[in-house]
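Order as written gives the chain letters A, B, C and D; numbering starts at 1 within each chain.
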Amino acid sequence: MGETKKVEFEYSQIDSERMRLNVGPQHPSTHGVLRLEVELDGEIVTEVIPHIGYLHRCFEKHCEKMTYPQVIPYIDRMDYICAMNNEWPYVMGIEKLMGIEVPEKVEYIRVIFAELNRIANHQIAIATFGLDAGAFTPFLYLFRDREFILSIFEKASGGRLLYNYYWVGGLAADVHKEFKEDVLSIVKQVRETNKEIADLLLYNKIFIERVANVGILPADVAISYGCSGPVARGSGLAFDLRKDAPYSIYDRFDFDVVTGHGEVGTVGDCFDRNIVRFHEMEQSCRIIEQAIEQMPMDGDVREKLPKKIRPPKGEIYTKAENPKGELGFYIVSNGTDKPERIKSRGTSFVNLSVLPEISKGYLFADLIMILGSVDIVLGEVDR
Amino acid sequence: MEQQILTLYDWIVKLSSSNLIALIVVITLPLVFLMVYALVAILGELKISAFIQERLGPMRTGPWGIIQPVAEVVKLLQKEDITPDAANKPLFNMAPFLMFTAAYAGFAVIPFSSHFVPAGINLGLFYIFAMGSLAVIGLVMGGWASNNKYSLLGALRSVAQIISYEIPAAIVILTIVVLASSMNLQVINANQGGWFWNWYLFGGPGTAWKLIIIPVTFSMFLLYLVASLAETNRTPFDIPEGESELVAGYHTEYSGMKFAMFFFAEYANMFVVAALISILFFGGWNSPFGDFMNGPIWGVFWFISKSFVFVFVQIWLRWTLPRLRVDQLMGVTWKVMTPIAFICFFAIGLWLMFN
Amino acid sequence: MQAQEIYEKLKAEFGDAIIEFNAEPFFDPFVLVTTDKLFDICLYLRDTQGLEFDYLSCLGGMDYKENLGVVYHLYSIKLKHTFVIKVTVSKENPFVPTVERIWRTADWHEREAYDMMGIQFEGHHNLIRILCPYDWENFPLRKDYVQPDEYHGMKVPY
Amino acid sequence: MKKYINNIWLGIYTVLVGMKITIIHLFAKNVTVQYPNKHPLEKASGDKMPMNARNRIFVDMDLCNGCNGCARACPVNCITVQTLKVVPGDAPPLKNGEKRGLWVPSYTLDFAKCCFCGLCIDPCPTEAIKMTTEFEYSAYDRKDLFYKFSTMTDEEIQQKKELLANFQAEKAKKEAEAKKAADAAKAAEAPKPETGELKIDN
């Protein structure tokens, strides 16, 4: 009695309640129908639980009921931002199983279209990343340029978003006559806009403050989580299937693997992931220019094939460097014209799994930026 | 400023021989102005953002889409007015009106010209500042009463933001008050009469020695511009409603007319801060060129065009910049703006002492 | 390193746990291993000098009609070689040890394999459905899967 | 301190650079195409819709020989073809001069399902099915998207059916006679049975 008790006060002893916030499936910046269950301490993220599957379309089950060419339109719809790149590993796998050599011209056109689509994808990635940061204008500048690329695709394949263009043993249709000039003019335009975007968005001080030292992904964690593409390369990992396991004719071109090196912050932060995409667009431009130079304009775009595509009994895992990373298809053939099983290794699916690991301890606004920097497409996550 | 000038109020009193009618006219005129201005500003925002982004903007309503804001207001009026079940209804319903009232009350002291100011009180600057702070209460009410986590986060962010940014803004205003030795906006305006080098942006009226303080006044202008952006929740300081994070921040749950109120309040606030910039730094209703096009009627023109320039600057900035993060926002005000504002204050004080 | 050499190395290390080596044409060369040694084999593949399979490309559940299987596609970022491991388990007792602690990416891949094929990964920290709703019944990618008529009162076949 | 000032300077400078870029764009040419006023098929400039754009499918029934290749190729099963055998000598040849082997009483395409992949174009032997540049065909009712391409009227179908039935009956009779004759002649040749007057594939 009469004793005064000294009250010890520490910040951590404050009885603060944690808030569970449900981000998505309808939210402006979850890039689709991703749902994140976020636990917040004030504004600091303490836990992130992604709930996916809102866009699940049973791709793998569908494949078992369809013939090999019929699968291609479904593959388009996996990662609808870069459908050309998506089709490639699949048709490459079947061509490998059947032992088909596609004509030289086809390889060049495939490379050019894949690289154009890579540019288009990176444009969207940077644009939406800027949009997450609140910069609306660069978004539209990049989308304007993307439309030019889509026009080329439309001229060749007839579709603007879902092409169904890479067919087993060749292409659906030949390119138009002024193809080379059109592509070169696009390359020029892309470079011009990139200069502007660098000034307007990427090297803006506010933007750098937002993305530097945020969502740091060390290289060993990236490998362990199976990250690929710009996410892995942003962590300083020179992992590019075009160089490491050259498929098609990528060994004929001279280009660099861009890696993040902590230009404004730590290696592996959001800025690095984004700047890798930005510089990769330049590398794609280089590849396109070389391909355009070497490409033969005459010749057929389709190899002679049996009427029904029946790969021999076997299994193959083909992978290609998607704009988002390694896209793999595990194709199991049972000798009929329908696949036994197709397992797709969705790039975004794997890249997204790293999100809970790298977003802990940052502010809620950073979580959105980290999610944007991982660049997912929910069509591929959920398949 | 003791000379007898015929103000709008006096003129209407003389005309109608009724104080009440004069009062009503003087009160309603800014409201009418506000409504018309809001429509113009909404259209301006739509069109400027569109042209910056190489779009055309609204084109279907009227020639070049010029009645688009009217259509939007009509749409908002027609919309269902939803009050969430779990919301605190009295607060929820009151918040937008409080916001709008606060924004509109600021108009009471804004001098549109030398002969027209709704209320020429001596504490005009103080009053306008107090009214600006009142908006915070509306924000918190709206955000808290919505019973939505996004709204709550947005409201709390905006309180922290607005209160923090008031400090550099207040110091800058204080500096101007020191320079003008008055808080009456009319006096501050009248002080800057003559050519444009008499504006406080260029150190106010004085001898060539004022060149020394021009960098100080110029940085004060920048400070106030930035602080005013933060106070009106515009990009790059729109974190309370940061659409990519908080969906719509404190007005996530609002719809229909109540949302329109928030919307109007934002645009009204934009004008108030723009007007304040033009009054404090750009001579308000004074013509930039001495007696050329000067006078009570031209005053309205100069004042509104100067204010619109700053409304345009706000829109321009919004469509250029990304958004800051909440802790960086605080860092900017406490670590950068407040110290610099203090330095400016001392510099001006010293200069006045030795002048 | 070629698949044959890797197989020989594994055989020398684990002996009977390596059931079969398949290098037929049209097949990516793979080894079939027993489930009880799977974890050790994976750890060995990751940590041994000269193998260093630090990257799990793909993990897929399979339905071989009589029994289920899991296929692991490995890649080494440093040495740039690939390898495939397979395990098979019976449908009645589909337990496979998890490799989540070896490659963190296996977390979601295994959840997907569980979701689609019903393969139980022993030791997985959070083996719940990932693509299907959490209360979905049966495993859709099995060959004998029958589509339900209703899900919470909603018609499933549209 | 140097870093502090540098940061402030960078902040102001990069904002000004950004503002410079946006103000240039403010006066630049707009790229928006006012769609219904300027149709993408009419516009002469760069992004005109190419002629091989994959939009609504059109089937020329004068060319269709009812081979059902398109329906088999379709990944979403949106094409349904019903065929009817032609009585020899009854049918006019196809537009390209080939012999018509099958009537197509019903050819329906469900555009609500169609995914515009273009896989149905490739297998067509007579190039009857084509993708056109027509893309404005939205409808108020889902049933309106159910396109029927067949030009045959109900009476015609009925007539052809009867004709076929008669022909088959006659043939059957003939065959029966022939069989009888063959039986009588103890020949081993077995007659081919004709089945199914309305063949529904897939």
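Here is the rule we go by: contacts are C-beta pairs under 8 Å (C-beta built on N, C-alpha and C of every residue); 3 or more make two chains touch, one makes a residue touch a chain.
All figures in this text were calculated on a predicted structure; none of them were measured in a lab.
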Pair exhibiting more inter-chain C-beta contacts, A-C or B-D: A-C
Longest centre-to-centre distance from chain A, chain (CA-based): B
Centre-to-centre distance between chain C and chain B (centres being mean Cα positions), rounded to whole Å: 63
Between chain C and chain A, distance of the C-alpha-averaged centres to the nearest whole Å: 25
Rounded Å distance between chain B and chain D, as computed from the means of their C-alpha atoms: 60
Centroid spacing, where centroids are CA-atom means, of chain C and chain D in whole angstrom: 42
Touching two or more other chains - residues of chain B: 52-55, 319-321
For chain D, residues that touch 2 or more chains besides their own: 15, 18, 21-22, 25, 31
Residue numbers of chain C (touch at least two other chains): none
Pairwise chain contacts under the document criterion: A-B, A-C, A-D, B-D
For the chain B and chain A complex, residues of the former touching the latter: 49, 52-55, 149-150, 153, 235-236, 238-239, 242-245, 247, 319-328
Parts of chain A lying in touch with chain D, wherever the complex brings them together: 66, 69-74, 76, 137, 141, 144, 147-148, 151, 154-155, 157-159, 162, 164, 172-173, 176, 196, 199-201, 203-206
Chain A-touching residues of chain C, taken from the complex the two chains share: 24-28, 30, 54-58, 60-63, 71, 73, 77, 80, 82, 84, 103-105, 107-109, 112, 116, 129-133, 140-141
Chain D residues within the chain B interface of the complex: 4, 8, 12, 15, 18-19, 21-23, 25-32, 34
Contact set on chain A toward chain B in their complex: 19, 21, 27-29, 43, 130-137, 140-141, 144, 200-201, 204, 206-207, 209-210, 363-366, 368
